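Would you mind keeping the following structure in view while I ask a few things?
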Amino acid sequence: MRFERREHRSTLLVIATPILAVVAALAIAGVLIALAGAPVFQAYWKILTSAFGSRLSATETLTRASPLILTGLAAAVAFRARLWNIGGEGQFYLGAIAASAASVHLFAGLPSLLQIPLLFAVGAVAGMVLLLVPLSLRLRFSVDEVVTTLLLNFVALLFVSMLIDGVLKDPAAFGWPQSEAVDAAARLPKLLARSRLHIGLGIAVVIAFLIYFVQTRTVFGVQSRAAGLNPSGAVFAGVPLGRTLVIVAMISGGLAGLAGTIEVLGVKGYVTTDLSPGYGYSGIVVAMLANLNPLGVVLAALFTATMFVGADGMSRSMGIPTYIADVTVALSLLSMLVAVFFTQYRIRR
Amino acid sequence: AAPLKVAGIHGSPVENAWNSVLHAALQQAAKEGVIEYVFSEGVSGTDYGRAMREYAEQGNKLIIGEAYAVESEAREVAGEYPETAFVLGSSGKQAGDNFGVFGTWNHDGAYLAGMLAGKMTKSNTVGAVGAMPIPEVNMLINAFGEGVKAVNPDAKLLVSFIGTFFDPPKAREAGLAQIDAGADILFGERIGTADAAKERGIKAVGSLIDYTPRYPDTVFANALWGFRPILNAAIADVAAGKPVGKDYTAYGLLKEGGSDIVYKKGVASADAESAMEAKRAEIKAGTFEVPRNMNEPK
Amino acid sequence: MTETVLDISNVSKRFGDNLANDDISLSLAKGEIVALLGENGAGKTTLMSILFGHYVPDTGSVSVMGEALPPGKPRAAIRAGIGMVHQHFSLAPNLTVLENVMTGTENLWSLGSNVSAGRKKLVEISQRFGLKVDPDARLGDLSVGEQQRVEILKALYNDARILVLDEPTAVLTKLEAETLFSTLKDMAAQGLSLIFISHKLDEVMATADRIVVLRGGKLVAERRAGDTSKAELAELMVGRKVTRPLREASTPGEIVLEAAGVTVRSGGVDRLKAVDFRLRAGEVLGIIGVSGNGQAVLAQLLSGTIGRTAGDLVLFGKGVGDLTVADAVANGIGRIPEDRNRDGAIGEMAIWENAVLERLPEFSKAGLVDRKAGIGFAQKIIDGFDVRGGTPTSRIRLLSGGNMQKLILGRNLIEHPKILLAAQPARGLDEGAVAAVHERILEARRAGTAVLLISEDLDEVMALADRIQAIVGGRLSPSVNAEDVDAQRLGLMMAGEWEDTTHAV
Amino acid sequence: MSALFDILASAGLWAAVLRIATPLILGTIGALLSERAGVLNLGIEGIMTFGAMVGWLTVYNGADLWVGVLAAALGGAMFGLLHSALTVTLGLSQHVSGLGVTLFASSFAYYVFRLMVPVAGTPPTITPFQPLDIPGLSSLPFFGPAFFNQTAPTYLAIGLAIALAYVIARTPVGLAIRMTGENPHAAEAQGVNPMAVRYGAVIAGSALMGVGGAFLTLSAFNSFFPTMVQGRGWICIALVVFASWRPERALLGAILFALFDAFQLRLQTVLNGVVPYQIFLMIPYLLSIVALAVMARRARVPQALMQPYRRGER
């Protein structure tokens, strides 16, 4: 058996495979649900209604998708240029802590219209800086960035933990390790009252379109792709390799930092070490599901959020262990990865 | 009356001692037919707000849980669901009519256990392993230390924090480290500590739940905390249509029957035990109050 | 005829829509040397991969010494005595020579490896066949020629009785190639049977007993070496008469590019040492040399991918300091890189993107790429330079080497550059493609383009260049007129002996 | 200063070091084995979690402790099979598949645990491995309590690391693994099936990871809890780099890291929080990055690491 790359993809294939993947994932999850003694089809229905069946569930799904779009874009942009940024989680946290510290200690009192953009910039820069470290190691010493970015996640998280346990600790938080709450003017406006949905979703979607445009239409987009696919060929064609990768890293790290910023300003208001349930890591999977297409990232993020919020809510209403939510997400991600593969390859003897 | 619909939202897995106290009380109440109980565990800060909202929308009347990592958001949610009563573990204050709080004040028991430990230590060094230096943990460890010093002013207290709420092997390592540093009795604010004591054949004190059955030869005393009195008070308020926006902490005090010490008789000397029992009676009578020191123990 | 050691019968193999091998039968006698000839993509490597078990044939079978080989099992092929030297080296740079050779040769589950026995055997074989290597050297530290030796030793170590070599000389110098072939002949005399693939007809004629020609996946001809000629073979391969174009006399114009005392230092070594040359419009200046002597550095310098350490570059009468890629393109310097897959193309990108990548500023407005114009440009190249096998939007990886080379040539020549820098422009190409590339270069020369041709292939340089300079150890010889020299003289120049052959220009 | 020395001179510290190191040794050599064959396995965190759970559950249901270890190995191998199917057969991106496996294996472990073990107030326990009494050695002064008072799996882990070092450096199968990690095409050309080698290495490596996780529940502790692996898997990934892909150095690296950790816990009792504990925890990660920067020049990274191998594709 071997796999042969498809040169053409039929529309049917592109639509049918992901559906098959979801069906497969739900079938396996169904077995586990049945093991818990719950009626399987009712559980499926609950997954759907818990994700979209009410105002609350729909807004929750969208709220959860927002940071995933940004971390997914961060991964997609970098992977396009073959910059393996596995450090989205760390960049997310650094962005969050930088923005919240800036809001408390630098920009407190500034009006929203001024403060929020400033904080976005601060958070994005923090994410960039964290990614520029492994990038410069790669450019200078040719150190593979997969492991370095991965390791920096833990350094960043410990660093944040140290800050919120030290200099940035909120004195009013009863000793709980968390940062001081951001300025009220720094909180992102809600899209809907009585929900957690904030304008971060809109920002994320707009950025997705922007990136799509940059990648497909601009000189930089073509050059960064060339740099990723064949560095020495790109150099021969006059692509400034180092500069291109630096810009890519800045965009990627910046987006992950921005994700953290938006999450902290939009949802929580302060930083703890459980601000992110792995958004940085999920972003990588989201990006792969989307085949690194920025618009696809929006859909993949929505899909991932739907699966999680749906299954999580289902577990609560069916009274089965909460962990089924993560199981379902993992299964859908894995089967979706396989599905994406089969849209690109066919089996040959 | 139909049983009250109650939901529990646990930030940690329900094996975590603190959550297990809530969980056991809730399960017991459900078994007695007082309430109908559903729960979620291991709910992260990001998901906590949603879980609260979902349970509120599903028609639960009382929601029990922990606001520590989500203090402001929890109050926000309560504001949005005025029909639902929320009673959450918190270091903060109650809010509005439907947001009540409770603290974990089993420091009375810790003080009393400290009195036993102070008399038992031969190295004049005792240890305490805690999660993080947050007020309630500090208060507990400080109370234990005060109890030790009350009977043995020369004794030294070693304190370690493991930096997380839930890593038993790590708590065990921290306990071993204290034993290596000379401690011969450990106060295990965190589960795992007693395993170190057991391994080295010394004695340990448990917190929140009764660890003695689990470590029969090791854990000789426990600073118990019971949630049932708090739960009962909250259920009664909800059933009576009274606002729950108050502080339920006091129901957890020894004086109110919410917490206590349980200990294995005959491990400490008879003198030590009777001195301790005398103090216990004073606390019950309200004539003695264990100091509440929430500063990080040094 | 003596005993038959190998029998390939009725092998067919299809990749997608492409019938790579079409009912091919071939046999090999003990001690015989067979050359396999064919255009790029004719199916030679595919056939050998089937023989070795890398690929499973759709139909047909292979048998060795009368015993059928199970398909798709390299291990079985090795056991049966087949050794293969791959077109692209299959070596691990981080392992030692001995480790590279010994991999897979012992029972995988034995508890220890008999390294000393392995070393002994390797030394023995290397002495017997005259292939000297240091068993404990790290492979990555060896030269390409030495690596080629390790490839062959690997096959011999497995007691190969049939040795298959896929373009073994593509990366070797003429001298290395000659040594290799004399070794191969010795081996054949000792009873080894050989199949080798080559595009170089001289080698084929000089070495093979029998020549087999593939075209479009079919076996189209079989000749004994004595009964054929280069011309006939070229025609059999391509299916029509092929003749390499001839250089007509011309008068060069003014000097367009001049190097005076240019030195390039990198990694603490002077890669180019005070190099001087002058290039005139309408002439071809050939630079010959054994690989590793600085021609790659010279090409990089003029392509704008590295800078000088000392000396001056003068372009159209003006000093340019260091040339960047953008300068080069803007000044009308066309560039054909030595390694088309590594430098000349981004395999996963579309043909049109590859066509415009180095001149994106021309095909963009305000940072936005004009896709339509780019596709139009690519189509013009495809039409004008007879690039077959793809449309502007298909990935360039799908083109065969010859067609990719035509595209690269096209993107440089279509706008009539003033200077063309051509590094090894015909490397690895089949006879038909070579002729096409040469024709284009001479056409550019007729139109007044100044061509700097860097090549290791003396025949190519003698056919195309007006003047020739040799590069040895980073030094450039004075130039000689092509008319005044023969292969022998050039050989001496490449060995660094040019003092007495100087002809000033 | 003397306080620091006292800590280093205490037998308890060294006993703790070996104990803390054991799961790291197992996880690291597991990750190392599969990386040597060219496959990065970021599934390790989840695989260790699953191993911890399934090993414990097996013993809880009445099986012998060693049967628990075996179950953890099998459980790990199962996820190794999944990771290989995705990355070796299909050639999917290894880090993405690994992250997926981690998410799946850990949540699956929690779910199964919760289904199998009814929620009780206190976590149910088993009787874990007890320290082995090695005649003659265990009673030595200092050395006895420091090094010869460990449970059997600790000695097993050390033995396995040494054995793996031997296998990789000195045996034909080790050479085949190295060749596959350096250049799978070359392996194939020598009659070694790189797919099979990768499957084998990933599966065996994952089994080791599973056993590493099981150490936490069968020896270091006696119950299973969700999230109990606490990032130890990621430490192992760092340690592989730190060890420059050599099992014997992985052994040292794990011990060094454990020394940091044990020392840090003891230092708290002395320094009482002068240096934030986070600093200590960061050190192994930062050291690995530095080690990588120093080593990358010498190109000791398996050259085909993370490169999918597809037969018949160039």
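The first chain written gets the first letter, and so on, giving A, B, C and D; residue counts start at 1 in each chain.
Everything that follows uses one rule, which is that contacts are C-beta pairs under 8 Å (C-beta built on N, C-alpha and C of every residue); 3 or more make two chains touch, one makes a residue touch a chain.
Values in this document were obtained by computation on a predicted structure and should not be read as measured data.
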| item | value |
| --- | --- |
| Relative to chain D, chain with the most remote C-alpha centre | C |
| Pair joined by the larger number of C-beta contacts - A-D, C-D | A-D |
| Distance from the mean Cα position of chain D to that of chain A, given in whole angstrom | 28 |
| Chain C and chain D, separation of their C-alpha mean positions in angstrom | 46 |
| Inter-chain centre distance, chain A versus chain C - centres from mean C-alpha coordinates, in Å | 45 |
| Interchain centroid distance [CA atoms averaged], chain B/chain D, Å | 35 |
| For chain B, residues that touch 2 or more chains besides their own | 42, 163, 296 |
| Per-residue overlap in chain C, given as positions that touch at least 2 other chains | none |
| Touching two or more other chains - residues of chain D | 110, 226, 278, 311-312 |
| In contact (per the touch rule at the top): chain pairs | A-B, A-C, A-D, B-D, C-D |
| List of chain B residues in touch with chain D within their complex | 13-17, 20-21, 23-24, 27, 42, 127, 158-161, 163-164, 166-170, 172-174, 176-181, 191-192, 195, 209, 211, 214, 296, 298 |
| Of all residues in chain D, those that touch chain A in their complex | 40, 42, 82, 86, 90-93, 95-97, 99-101, 103-104, 106-108, 110-111, 114-115, 226, 231, 234, 237-238, 241, 276, 278-279, 281-282, 285-286, 288-289, 292-293, 296-297, 301, 305-306, 310-313 |
| Touching residues on chain A, where the partner in the complex is chain C | 4, 7, 217-223, 225-226, 229-230, 232-239, 349 |
| Touching residues on chain B, where the partner in the complex is chain A | 38, 40-47, 49-51, 53-55, 57-58, 68-73, 80, 91-92, 132-135, 138, 163, 294, 296 |
| Complex interface listing, chain D residues touching chain C | 170-176, 178-179, 182-183, 185-193, 299-300, 302-303, 311-312, 314 |
